[in-house]
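These are the structures in question, set out in turn.
First subunit A sits with subunit B, and in the next complex the same chain sits with subunit C.
The block that comes next holds the complex of A and B.
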């Protein structure tokens, strides 16, 4: 057997937990990859991730591992794609708004494009085709319009935007 | 309440924008802009497309929209879409300010009320188009459908300001040569141009355009333009090397024009022709030169014969989509040649071609394993024989439409039920020989059927 032991990289979260991951997994995190690209002779010191909690990081690492393994399977793309979709849906389902937002922030900081897309889409799906009141209640957003302002905007939208449709491009 | 407002305290503008961009309906966008002031601002930045119907006074309306949605890249204006209009915006708004409660009732009432006054539907004018140009500098895609008051002048000011334009649809506009020439001079990235029903255009405009921005052009549509002739097509053939899609509907185009296109545009993928003066010679040139052709649609040709189709079958190996409509001199041999030559065929539509019958169809069944959509209409000679093998061969068929096929009987449909396991949609219109027995067999065999549409099948 001539396989080399995969290189490990240690990540340290905001709440001081250390995660040891395979190099390939760590390279999925854009921010970590950039760090190594810019410092090719970096030591084995743990990499501090001051904006990421251990709860988020473990979810993120799991996500990266899963999608790495899917990509490694390669050729039977349709079933892999399907599995990926199921995984992503499950990921969204198991997070409430608060933890989803926290996760988005962490993923944005770590610069993992695919995962960010998935999470953003997940939030968008929760807002889609819902009434204003529902969206406010759902996210606990305070209505900062005065009744007059709100009526004004509603009126504009009612007459002006009739027949105006955004595309989904 | 679910407590703390996490979204607004944590997420920066760009992440909220990302989320808002992923909403896919207008009502969702509207709802989000009403959630709070911050979302209103962001939502306005996030809109990239506007669709506008005949809006009463579109000129003012566009100025109003342009102030709000600065990032819009695509605008569709369609004068054919009429909407129920409030009498005047001003009057309406004053009433709305009273209170939220009365507002809802008011809206609910207003929708069902007949219009109080019939206001003259005003059309988009050149000044409105200038407002589009001024307001949406980043515009990449513009459709002006049947905006009959728009002239060359408006199109010129548009072209001068929106030089990033990639797609321009002027269907049914009275735009002249001058306007089109300026589009050619200013919009060097233009890829997609629709000039269908632009009746005032002549060769001079299209020739200038092709010369000026022919390199970028990928798609061109021309219909009912009496003064666009072979001369324009020759210019397109010599300048538009990258043309991929061409749709022509004209009595004034002859073989010469199509030959120029076939020789000049080797990348052509989609060709739709309704030109009564074009003959087999043109089709043979297409078969010889346009080897990337994926879609071919021939409408109302009285001069094409199997000879033409044979050269398509010989040359266009990538053909996936074929429509033959009212071409009475095409027969089984032609379809056979297509079937044996173009084995990647997935969509086949045969409409009222009385000389194409069961033999042609069977050869498609034999040679083209990927056919998934089949539409047969007014085909009196189809399926006369009871042993049509198409159904058992075309296993991947997902959609089947039989319109006005009086001779298709229970037997053929029973075979469909047995053979086409993946069938998802079945449309039967005016097929009077089909009865309950056939439908039962479909129900048993086609487990994936999602859509079944039956009209005027009296048995």
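The block that comes next holds the complex of A and C.
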């Protein structure tokens, strides 16, 4: 290996923005990595990411760069782990429900496991211990149960709510 | 924005499996689409303890057919007799394992005589010991801690029933608790 300049890879988003990133960063994106594994002779053409917006991709690239740099420091200290945690918390905090879902969609498509876990946990934390009505509003879901069905399901799931504190809203 | 139309099912599955069993049941009440996700085996498998299969086969109700992971969860979160001396329960909110030792698994001072073994309808065990006259009470029990859930604070409870109001001099006594953990290599921790 003689190269000193890291290889660059260009990614093109759905809204036609091009992002030039280091190969190491691009390889964090499972979908991109698989593409190169399967096409070792791929040219330097930009890689189209038709399911990812430029807003999402820039967040994702930032995330990958940051976590790569943490990993590069190795298991030197618990401070790297702590910094990673703080970064992830901040990432969740700065996204509202809708943009979080949009980001999950992109990360799921790009197959970045750690980031997906973090985002899924963020959504899970937002619906924990909440009422059914709250979860409906949160997820933008219409209640499509008839009153009869609802009563039947309530009876069926009653087991879960016996002896549990009432939902907060 | 209806999330069930946007996110793929495996993603929704992951999100719900990161909540709790009670939240999963709440999600099932949201809509048909979310119910099919919240009920799926992939979600409930996460809530079940990793050794749930051996728990079921070790219980005396091992004839359980496999009706889906959610059913299994419900089944083992109501107390199931594990053996005549021990019973098991999954704490339904958290999926943590609880074990109960029956009187037959404990060593109870005065437990030999003059006392009787009898059955009590409210007990989960087929036999309890009735102590008729005691000067003090000493109960010892042992449990293999490797069967407990990891990273979990446990509390130990002593369940007893006073026979009648004539039971005297019992309510206001100090209770001493002694706990120790032993490994094949000797004692590894003691607390009082």
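Everything below uses one rule, namely that the second predicted complex is superposed on the first by the 154 of 169 C-alpha atoms of A that agree within 3 Å, B and C clash if a C-alpha of one lies under 4 Å from a C-alpha of the other, contacts with A are read in each partner's own complex, and residues count from 1 in each chain.
Operating definition for what follows: contacts are C-beta pairs under 8 Å (C-beta built on N, C-alpha and C of every residue); 3 or more make two chains touch, one makes a residue touch a chain.
Values in this document were obtained by computation on a predicted structure and should not be read as measured data.
Annotation for subunit A, partner touching more residues between subunit B and subunit C: B.
In the superposition on chain A, A:70 makes contact with neither subunit B nor subunit C.
In the superposition on chain A, no contact is made by A:14 with either subunit B or subunit C. Once the two complexes are overlaid on the shared chain, A:131 sits against subunit B and subunit C alike. Legend: residue contacts after superposition of the two complexes on their common chain; A:98 is shown touching both subunit B and subunit C.
Shared interface residues of subunit A, touching subunit B in one complex and subunit C in the other, are 98, 101, 104-105, 108, 116, 120-121, 123-124, 127-132, 135-136, 139-145, 150, 153-154, 157, 159-161, 164, 167.
Residues 97-98, 101-102, 104-105, 108, 116, 120-121, 123-124, 127-132, 135-145, 147-148, 150-169 of subunit A are the ones that touch subunit B when the two sit in their complex. On subunit C, the positions that touch subunit A within their shared complex are 1-4, 6-8, 11, 14-16, 18-23, 25-35, 74, 77, 92-93.
Taken in their complex, subunit A has these residues touching subunit C: 98, 101, 104-105, 108, 116-117, 120-121, 123-125, 127-132, 135-136, 139-145, 150, 153-154, 157, 159-161, 164, 167. Within the complex formed with subunit A, the residues of subunit B that make contact are 1-8, 10-11, 15, 18-20, 22-37, 39-40, 47-53, 55, 61, 64-65, 74, 81, 83-84, 86, 89, 92-93, 96-100, 103, 107.
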